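Chain lettering (A, B, C and D) follows the sequence in which the chains are written, and residue indices restart at 1 in each chain.
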Amino acid sequence: MASLFDTSELRSFRAEVRAFIHEHLPAEFAAKTRAGLHLHRDVVGRWQGILNRRGWGAPHWPLSAGGTGWDTYRRYIFEEECALADAPPGDVLGLFLAGPMLIAAGSEAQRTRYLPGILAGCEFWCQGFSEPNAGSDLASLKTTARRDGDHWVINGQKTWLTEGHQADLMFCLARTDDSVKPQAGLSQFIVDMKAPGISLQPILTMDEGHSVNAVFLDNVRVPGENLIGEPNRGWTYAKELLTRERTNNAQAPRTKRDIIALQRLAEAHPGPDGRPLMDDPIVRDRLAGLTADFVALESAVLSVLADEMAGREPGPEASILKIRGSELQQRVTETAMELLGEAGVVLEPGYGGGPRDPVARGWVERHLFRRVVTIYAGSNEIQRTIIARTILGM
Amino acid sequence: MASLFDTSELRSFRAEVRAFIHEHLPAEFAAKTRAGLHLHRDVVGRWQGILNRRGWGAPHWPLSAGGTGWDTYRRYIFEEECALADAPPGDVLGLFLAGPMLIAAGSEAQRTRYLPGILAGCEFWCQGFSEPNAGSDLASLKTTARRDGDHWVINGQKTWLTEGHQADLMFCLARTDDSVKPQAGLSQFIVDMKAPGISLQPILTMDEGHSVNAVFLDNVRVPGENLIGEPNRGWTYAKELLTRERTNNAQAPRTKRDIIALQRLAEAHPGPDGRPLMDDPIVRDRLAGLTADFVALESAVLSVLADEMAGREPGPEASILKIRGSELQQRVTETAMELLGEAGVVLEPGYGGGPRDPVARGWVERHLFRRVVTIYAGSNEIQRTIIARTILGM
Amino acid sequence: MLLDSVRRYFRENRPPDTRWARFGEGQRQPPDAWREMAELGWLALAVPERLGGLEADWDTRLAVLREAGADGRPEPLDVHLMLSDLLLRCLPQGQEEATAAAIMAGDMRVGVVELRPRAGPTGGNALGGESGPVYGAGASHLLVLVHAPGRGCRLAWTAVEGPGLSLQQGRFLDGRGCLTVRFNHCEPRWLDASGHHVRDLMAAGLVADCTGALDGAFRQTLDYLKQRRQFGRPLSDFQVVQHGMAEVFCDLQQAVALTRRLAREMNAAQGSACDSLPAAKAFLSRRLLRGLGRLIQLSGGIGMTEEYPLAHYYKRAQTGAALFGDRGEQLGRISPVATLLGSSGCG
Amino acid sequence: MLLDSVRRYFRENRPPDTRWARFGEGQRQPPDAWREMAELGWLALAVPERLGGLEADWDTRLAVLREAGADGRPEPLDVHLMLSDLLLRCLPQGQEEATAAAIMAGDMRVGVVELRPRAGPTGGNALGGESGPVYGAGASHLLVLVHAPGRGCRLAWTAVEGPGLSLQQGRFLDGRGCLTVRFNHCEPRWLDASGHHVRDLMAAGLVADCTGALDGAFRQTLDYLKQRRQFGRPLSDFQVVQHGMAEVFCDLQQAVALTRRLAREMNAAQGSACDSLPAAKAFLSRRLLRGLGRLIQLSGGIGMTEEYPLAHYYKRAQTGAALFGDRGEQLGRISPVATLLGSSGCG
């Protein structure tokens, strides 16, 4: 039981969080979180509302903006308890990306208008960064915003908009100045997804799910006050935002929950000889190996937390969390597929029907969709380059 | 038993080879091959002499130069039987590098003078290619050879001379023309290792063995007839030679023998619970995984052999054999170290004394020295670049 | 020659990009494809000459299956190319000719399914209980591999539309059709051959099929990387991209070589199970699948989408890895010394 | 402060390059080093204040051991920094003070050795049979971990120069000295503590030591890659070299974090075994070792030589991986649910 969190204050904090979740998390939300990948905004939003009414809507935001005032350890314990209880994950786009960017760079008016919707779980965001010819290489993006009186007029095409079809608002990176070097001429805007000139196109992914989208912006008019921060500083805001996302992307609490679920699967699912897989020493060795690597990842996360407790900002070290965290997420579901065997490759008829065997539900979709975790939010190749250049000075 | 080699002709050929080895291989040679890495030239040379007297001194050389006239399948069977019997490996430097280069590019006089010594196992060679500032990047080497009457005078420094201290002769790459682009101005020479101006310096490697050396050439005079082929074509000869070496570097027959030895080790060596390691399902799974990967490697080797049988030269495809073959060699001894546990880390007193437990002898030295197999003969990184550029057109 | 015509047919008849771009509608078999394949003679490849077939060797059969994998074809060519001759050998003499003719005409479609009675052998000779998935979309007849604890794996043969069977529609992970069968006192014909042998033949077919999938995915990716520009130059210019592709190429070459080796060994053993099969299937289930994952990684987000082929190849290989003996099971069959000394005749 | 002085001492007293360049002569301990370490107060770090020691916390102790690993020191600091207080707790009250003084003065040197009687427990309380290697070069006294089948692991304490012991000189793979002991009716003092606990403490020390080794090797390699030129530019300019180093950096950071975590957990548990130890030791035995192998690969041939430090770090980590519970044994102790819920107090 020896641990960073093993103080009486933190133990009682954990107990308080656990009791609240136990009392307020609807069983159907937990079931949906276990079974599915792409939760409907109703589920995410309603849980967000429940947390927000308790004052826990955005633990990592400053107290003044609606945060909880918890230290980083408490925030981590909160995340962990939510994960272990299969509570719906908080909406990354609003809580981790749009919100913090508005808090850091937005105007007072923007914060007043937009933060409450995120906290209450009633307004959803999407991110308009990538373009068909600008994936990892954002500096080459082509979408333009030109001034027209009180408004900006945006034209272009964005892609990989996670949950764009469920979003009310988009933060969007567009070129406002052609005359400077590529990174310097970009600005960020808040775009209403119902504005005329916006058309969405779903992108189906290999998990047979619809969570990402392409969007076309055809003379979309955006009020001047929707510029975030200063013009031509959009690149800086984007970089800060991606760094924040990388820390979150270690996804340690959810992976902890997944490895526990893997053991439950191995205890319940029979191998070819009819005995539970967990009776097989090779399976046990495999799960123990995953656990060891998880403990290594979690230790690195805890080190970053301890640094944050000591007042240091997460720097490029967070890249190692993204790399190892995403790799481990993939290995967990790869292991699940190996354990499931045939049960992992037989689906219900009808596109998107999911696996037939209840034991496989959730695992197969996660396995397929998680090919993305080493690609998105700055691919692991980009992260390695960041480490080599920024930290190692190569 | 279904196999490429499962014809009555090849079966009786294999039986003939096996019987000969059984009858003529001294038991002490087999013991030395199992236990050690860097065999003394006496052992290698005497076994070479035995084979040569049978007419099997250089199966891969043309019949006219002293070869056997065997097809590639027979050559492979021969290699395999030698490996399975723990016969001392043939001297790579003479049989696979110097000999074939002289056959391809040397003069009639050179062939007459040097090939018999290689075949008989009484003259040994070393390779003077790498320099302290030219490892993988041979084009930047600095050793010079300048004409002085009937002689060439060589000055410079060479490194990584495998078995240089046991060698009679060196083939040496030196710059003969400064005025052209770096690769174009190199020539190859035959250098007598006893010539005045040559001084050797041993390089100790991590296996506590002495097999490589540095050599300094201080106004070493080389007769004009010791130029190999044409002047300024040394780079071409070197490239051809390295391609030949890559095929050999898959080392499939020796790795097959090693995996078999690994199973014997696991059957004989007890785990912490006192029972043979082979009783542990995790160990069995591990060895089976190595075996599966070996079968994949061997299949690729056999494909190249089948191509050669059909008259096609080994091309850059051989790079995949070098990469996967060398990786597998390392994995085999890594596995041995994990099986050996404590027995793998306790050595006799005195530098070079080797492991104390007889069961570990040979394994530990091979494990350490084999860090080199992914580095030498064109590192695996170089091989990947060759594949990408030459085969994949990237 | 045959392979050329196979490639041409695949290219001209619903090539993968047209199917995959509309995957949301389901991975259906083109209705006429099977009959066309029969007309092209492909279904005669595994039928003995004395019954009017082409009696192709295993090199040819596995090469065709590689093409089918590379093209992501939904039709279960592998079942017919791997098993037709074995099935015909097992039938009573009177039925051989009619069955051969029906197979070659495309009228009889064979599926393979495994039945693992959890609670000991079923009573008498009737089949009961729920089976695993039927491999072989659109099957009219089934080869049932009945695993009886302690009694090995027996082989049974039954029509799909007979009494004692109920069927449920399903799909494999890669969208190919599959059925689940419930047997209820189904009385099949018991055949005199080993079910293990059928499993191994199917597994060998999957090795060829998935090697084709990796091959198709590799070529697609290589083209893409040469065209796609990031940071001002083609992705194929980046050293890590080059080395990543070189790594996958190593595995692809090994998979191709393994497939060739299986064919050679099966030719030599006249179609009986071959020594290298467990190793080859284990290789498919780990390295080949990882190679496909790596190609998706190198391609970036587009590799994840349904309209692009990579994900489909990946799911096909994932399906192949799970069926007819997964990695764990195949590794469990390998005894290093026996495999290494046996497989090259040096034991 | 302490760590600064540790680093300074190591830098100024036979730094690794001077030792390694002459490795052929043997990896001897500098004769005066142990006494100097005693004078610097390091041997008092693990002695309780009431006995005149410094009673340092585990962060400090493991940090010192990391430095020792990064410097490839031959002295067995880890035995003393991990075990002194435990040993003193186990001794009868009358002996505590004299023993503490002897330890702090550098006069008493402790080694650890495991004894696994193959044929059941030895008769009575005497020790017999051949032991594994003694860890702790130059030991004058031994802690013997006696594995008795079915009775766990008991702890015994004996002087090296007593009756009933014969010693044989040897070396560990990385050149540090070791002894092999033959017990012949040796009558040790039996201590009232768990031998398993001592093993875990030693394993935790090895995690710190080997993390230091990876750290030292990493810094060395990074410098080298920035200086060494190939194909007209520094090796550190090549993308695959950059990514290779980034990969090792990920493992190094995780190893450092694991070491910190062990220290925290041991502080909280007042020096008792900690939940994360099996995972940390298993991590060391695979990934940390692979990281070192990769650094050799990135450095090329020079990484293989005795005169260059990398090979020594590699062999040190290989030694650490094998001792006090190898990967297989540590993984066997991990039950995922218990470890995951226990280690962060969320069980």
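A few points about this structure:
Heads up, the rule we're going with is that contacts are C-beta pairs under 8 Å (C-beta built on N, C-alpha and C of every residue); 3 or more make two chains touch, one makes a residue touch a chain.
As the structure is a computational prediction, the values presented were derived from the model and not from experiment.
Of all chains, the one whose mean C-alpha position sits at the greatest distance from that of chain B is A. When the C-beta contacts at B-C and at B-D are tallied, the pair with the greater total is B-C. Inter-chain centre distance (chain A to chain D, centres taken as mean C-alpha positions): 40 Å.
Rounded to a whole number, the gap between the C-alpha centres of chain A and chain C is 37 angstrom.
Shared interface positions of chain B, i.e. residues touching 2 or more other chains, are given as 280, 282, 285, 381, 384. Residues of chain C in contact with at least two other chains: 239-240, 243, 328.
Touching chain B in their complex are the following residues of chain A: 280-282, 285. By the touch criterion stated above, chain C contacts chain A in their complex at residues 23-26, 116, 118, 132-133, 169-173, 178, 180, 229-232, 240, 285, 293, 296-297, 300-301, 303-307, 311-312, 314-315, 318-319, 322-323, 326-329. Put simply, chain D touches chain A in their complex at residues 222, 225-226, 236-237, 239, 241-243, 245-247, 249-250, 253-258, 260-261, 264-266, 268-269, 272, 274-276, 278-280, 282-283, 287, 328, 330-332, 334-337, 339-347. Looking at the complex, you find that chain A touches chain D at residues 1-6, 10-11, 14, 77, 80-81, 84, 256, 259-260, 262-263, 284-285, 287-300, 302-303, 306, 317, 320, 323-324, 381, 383-385, 387-389, 391-394.
Across the complex, chain C is touched by residues 130, 133, 135-137, 140, 159-160, 203-206, 208, 271-272, 274, 280, 282, 330, 337-338, 340-342, 344-351, 353, 356, 364, 368-369, 371-372, 374-376, 379-381, 384 of chain A.
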